[in-house]
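Labels A, B, C and D are assigned to the chains in the order they are written; within every chain, residues are numbered from 1.
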Amino acid sequence: MSGIMRIGRLELRVLDLEESIHYYTNVIGLEETGRDKDRIYLKAWDEYDHHSIILQKSDRAGMDHMGFKVADVYALEKLEKKIEAFGCTLTRITDRTRLAEGQAVRFEIPTGHSMELYTEIEQVGTSTGTFNPHPWPDGLRGIAPHRLDHTLLTGDDLETVTRFFKEVLGFHQTEKIVTVDGETMVGSFLSATNKAHDLAFVKGPDNKFHHAGFFVDNWYEVLKAADILSKNKVQVEVTPTRHGITRGQTVYFFDPSGNRNEAFASGYLSYADFPTITWTEDKIGTGIFYHRREMIESFSKALT
Amino acid sequence: MSGIMRIGRLELRVLDLEESIHYYTNVIGLEETGRDKDRIYLKAWDEYDHHSIILQKSDRAGMDHMGFKVADVYALEKLEKKIEAFGCTLTRITDRTRLAEGQAVRFEIPTGHSMELYTEIEQVGTSTGTFNPHPWPDGLRGIAPHRLDHTLLTGDDLETVTRFFKEVLGFHQTEKIVTVDGETMVGSFLSATNKAHDLAFVKGPDNKFHHAGFFVDNWYEVLKAADILSKNKVQVEVTPTRHGITRGQTVYFFDPSGNRNEAFASGYLSYADFPTITWTEDKIGTGIFYHRREMIESFSKALT
Amino acid sequence: MSGIMRIGRLELRVLDLEESIHYYTNVIGLEETGRDKDRIYLKAWDEYDHHSIILQKSDRAGMDHMGFKVADVYALEKLEKKIEAFGCTLTRITDRTRLAEGQAVRFEIPTGHSMELYTEIEQVGTSTGTFNPHPWPDGLRGIAPHRLDHTLLTGDDLETVTRFFKEVLGFHQTEKIVTVDGETMVGSFLSATNKAHDLAFVKGPDNKFHHAGFFVDNWYEVLKAADILSKNKVQVEVTPTRHGITRGQTVYFFDPSGNRNEAFASGYLSYADFPTITWTEDKIGTGIFYHRREMIESFSKALT
Amino acid sequence: MSGIMRIGRLELRVLDLEESIHYYTNVIGLEETGRDKDRIYLKAWDEYDHHSIILQKSDRAGMDHMGFKVADVYALEKLEKKIEAFGCTLTRITDRTRLAEGQAVRFEIPTGHSMELYTEIEQVGTSTGTFNPHPWPDGLRGIAPHRLDHTLLTGDDLETVTRFFKEVLGFHQTEKIVTVDGETMVGSFLSATNKAHDLAFVKGPDNKFHHAGFFVDNWYEVLKAADILSKNKVQVEVTPTRHGITRGQTVYFFDPSGNRNEAFASGYLSYADFPTITWTEDKIGTGIFYHRREMIESFSKALT
């Protein structure tokens, strides 16, 4: 009820713009909706807004910022005040700083990541339209996810960042991982919607990016996604499996700059009154990779 | 942002309680969580609250009421005022009128159906629990849906009832069907969440019940559901197909009293800022049954 | 062990060649491999031989002939003798009568249909090749079945035609439908391989064609096939469902000339020593459409 | 056309009979059909013969023998002569040496493994029966595969063992892996049917067992199989993925004695005239694990 509607956009830093465009449009299968100096704007076929992914040319990989779309300016103003009251410094991003975007407020969360809130962005519509639409469009390329689904970040103080998202931004915590003694939170899954997560954190270095998840319809589409990755010689880090956490079905892989991507399907529906599911750290392997039941070394280490 | 969290419960009138219990527990695969004089309380395995379906012994089939769970008492009070301001008469249902329930407010919507809003109900938890849970429980029976998903009702004045749900209860309209001249709304799909619909109306007699939809994971589970229905000699009205509206995958069938049920999978995710998808009445066949592309006579006529 | 390897080809009569080419290449998604005066040759992407479907321009729809590929000339000679001994008249089709084909023998079976046996046909290979192949090719169009799977024909004397296929051609009967008194066979499902059927007959007029089945991977591909048919405004006669007979998953539709087609998935594997499954005519609805459990009038009547 | 109908049975040595019974009946979900001193007989729900798996109590794991069912005694006699002509020594297993079995002939193949051919075994029928059957039975437990699908063995001289299966037993080779110089065969996939493989060999020590594959319907059933394995704390060696070779979908795991098992779905259909697909050893990772594209150390080393 805070007015945050959804994960709206993710700006990723990439090393080689042309190679990244090829990957995000032909392998992931997003649509390029615009470009300006040093930035490419992309959307998934089932998204209405002008873009959900921005690629920023940079000399290092990682996340520039993650943006949440807010219902209206009233909700946005109210959230701004709460963010400042929590002690974060707000920066105002002016209208059209980036293509098709209105104003936004930018701030740093306790884990050091930059976030933005905004309510204005051009709506360009989906590939199926809104008049007697077909259920899916012709001419899809690559994995062709429906939408950007969620982001996973790392940080040190997960208690504080969780408190920030719950108390200030009105998220609910769907799941958490705690040390066996119950003293320390080492994983936190947060939702502003009815999704199993819109944003998650695992214990690790501050201000690092773990992965961006794209939503595909079901487990068979996860298989097809993995097939497409292999055909395109994309490095698959984690072959198709189920998560214990979120129950989702997944395959993990890397973009050309080393930013981790995921094709994700079938997580449960969550509601604000659902209790937080608790995982203990000794079961983290099962929580993350339900079939393997142990961690994969690169999964903790490869961060951008 | 109105505070309505979800479709919480549906009270259905059934003719023969024992036969209905058999059907809802063994064929649908709900769990009986309680019974009192003339009522049976049931929940799906993946729901936390004490019940989502109440079967009420009656001499005629149909819906007694549909209830929405509200986030808290403040939201509930605010909604009460708006409902009264709209001109509906509120009745107060006292604590424990029905098993495991707190207070509720009951009112009649413009189509004549009874609705309730409430915030208190005992939470009994899911079959997988909240501590290092498995993704699905052992011992499931029948179709074993995750949850009650949505309800479809009929009524005459869909403009007014839509306005009521949008303006008073804060729903967004995800899709609508209009006459070819665009003058009259003959179908209205409404969501209080990120689901494609929590409640829908099609043009028809006031105060009639069309169906209750139960959520299953995917298209393969729709096949298994249809297989289970055939094994149990349940009448299948509409064999597995896709909806144009919601893109969902579906099978329709009847409970022993003639109340229509649906196993539903895979509708899209919706947000409050998404434009309403418009179907014209000449395409209603395609909208409802995307493969058949024409209506089924019983589908309009069999109401309870 | 008779040497019949598989259903090799089907020559269908079509009314409008251009319209049929569009349908079979863009909607079904076959590949055109050649054409000569009045005939178009097509193959599915996963077939090795030059063609499995031949479209013959004609003034009426229906089947010209169905051909089975035989392991070698010795097996072919032995089969010829047995066919003649059964009382059928053989015609010899000379080399290159049709594109890419060697010699064939043609004969009329007891239901009046023309069949051919052959062993020589050019092998052009699949779209994935035979050297370190990917599991599926890029650039598929339409339904894109793996192969021609089976044919269903109608005829009057199913006992005799079944005896012919079993005794002369070495098929095994996987399933049969009999009248309730057990006296008369009204359906016969025959396999020369480990498939649930390569050819089937249902009681009806002699020398009529009921449908050609194309194999798709699974139930989700049946959904996608049905979606593609609706997008292309192809008439869907039977929306996705399961067969009791063969357990297969299916959708039925018509080519532009009225020849019925099927996208079929997941039938069981059969072996020559498996007993014949028996259906009684009172359960024919369930046998054919497991969910609907009753016949569809057009399904018996629309024959070409 | 040699008369070999299928992989009929596999006798595995297990260390602890009770623990193995629990695993094969509750986790794999086979049905126990009999036991005698030191042996348990099991079948899958969709198999007709009395058993396909025999567990033999032993002090070491591994395969006692693999048996192929032959069409009739004439074919069996002819095969015996060809086996002896190849230079193998035949032993005759008398009627009822094992439960429900008739006579068999036993012989050692060039890789040192024991094989049997037989034609007589009691037929007990499937769980769905042969009279107006449902597509699947109620009361399935665990993974509940349809049938034993194939076996993979290791051996040193794959050229000779391949020649034996092709020339003597009439198999066709569907795929092979060769060294990059094309000189040496290091993998050989052989089919006596229309399946992608009934038996396969990879280069390794003679007379060792790599795995037994059980057939499940589709990729979603592979997911459910992996879920069931995790719930039962069975070690999953290879989480769900696709094979390049056979295109099948798979999960690998171990029985309590260390014998590797597989749940396998969706391999292609093969015919005797299909060319052998060739993989070069540098692509063996992709051939075996299409998504990972590299070998897993345990997969080559863990043999019984």
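Here is the rule we go by: a residue touches a chain if its C-beta (ideal position, glycine included) is under 8 Å from a C-beta of that chain, and two chains touch if they have at least 3 such contacts.
Since the model is a prediction, treat every value here as computed from it, not as a measurement.
Relative to chain C, the most remote chain by averaged C-alpha coordinates is A.
The interface holding more C-beta pairs in contact, when A-D is weighed against C-D, is C-D.
Centre-to-centre separation between chain A and chain C, using Cα means, comes to 48 Å. Averaging Cα coordinates per chain places chain C and chain D 31 Å apart.
Chain centres here are Cα averages; for chain A and chain D they lie 43 Å apart.
Touching two or more other chains at once are residues 134-136, 218-220, 227, 230, 242, 286, 290 of chain A. In terms of which chains touch, the assembly is arranged so that all chains touch all other chains. On the side of chain A, the complex with chain C involves touching residues 134-136, 138, 218, 220, 227, 230-231. Across the complex, chain D meets chain C through its residues 1, 3, 5-6, 46, 48, 69, 71, 75, 123, 125, 130-136, 146-147, 193-195, 215, 217-219, 242, 244, 247, 266, 268-269, 271-280, 283, 286-287, 290. Chain contact summary for the complex, chain A toward chain D: residues 219-220, 223, 226-227, 229-230, 236, 239-242, 249, 251, 286, 289-293.
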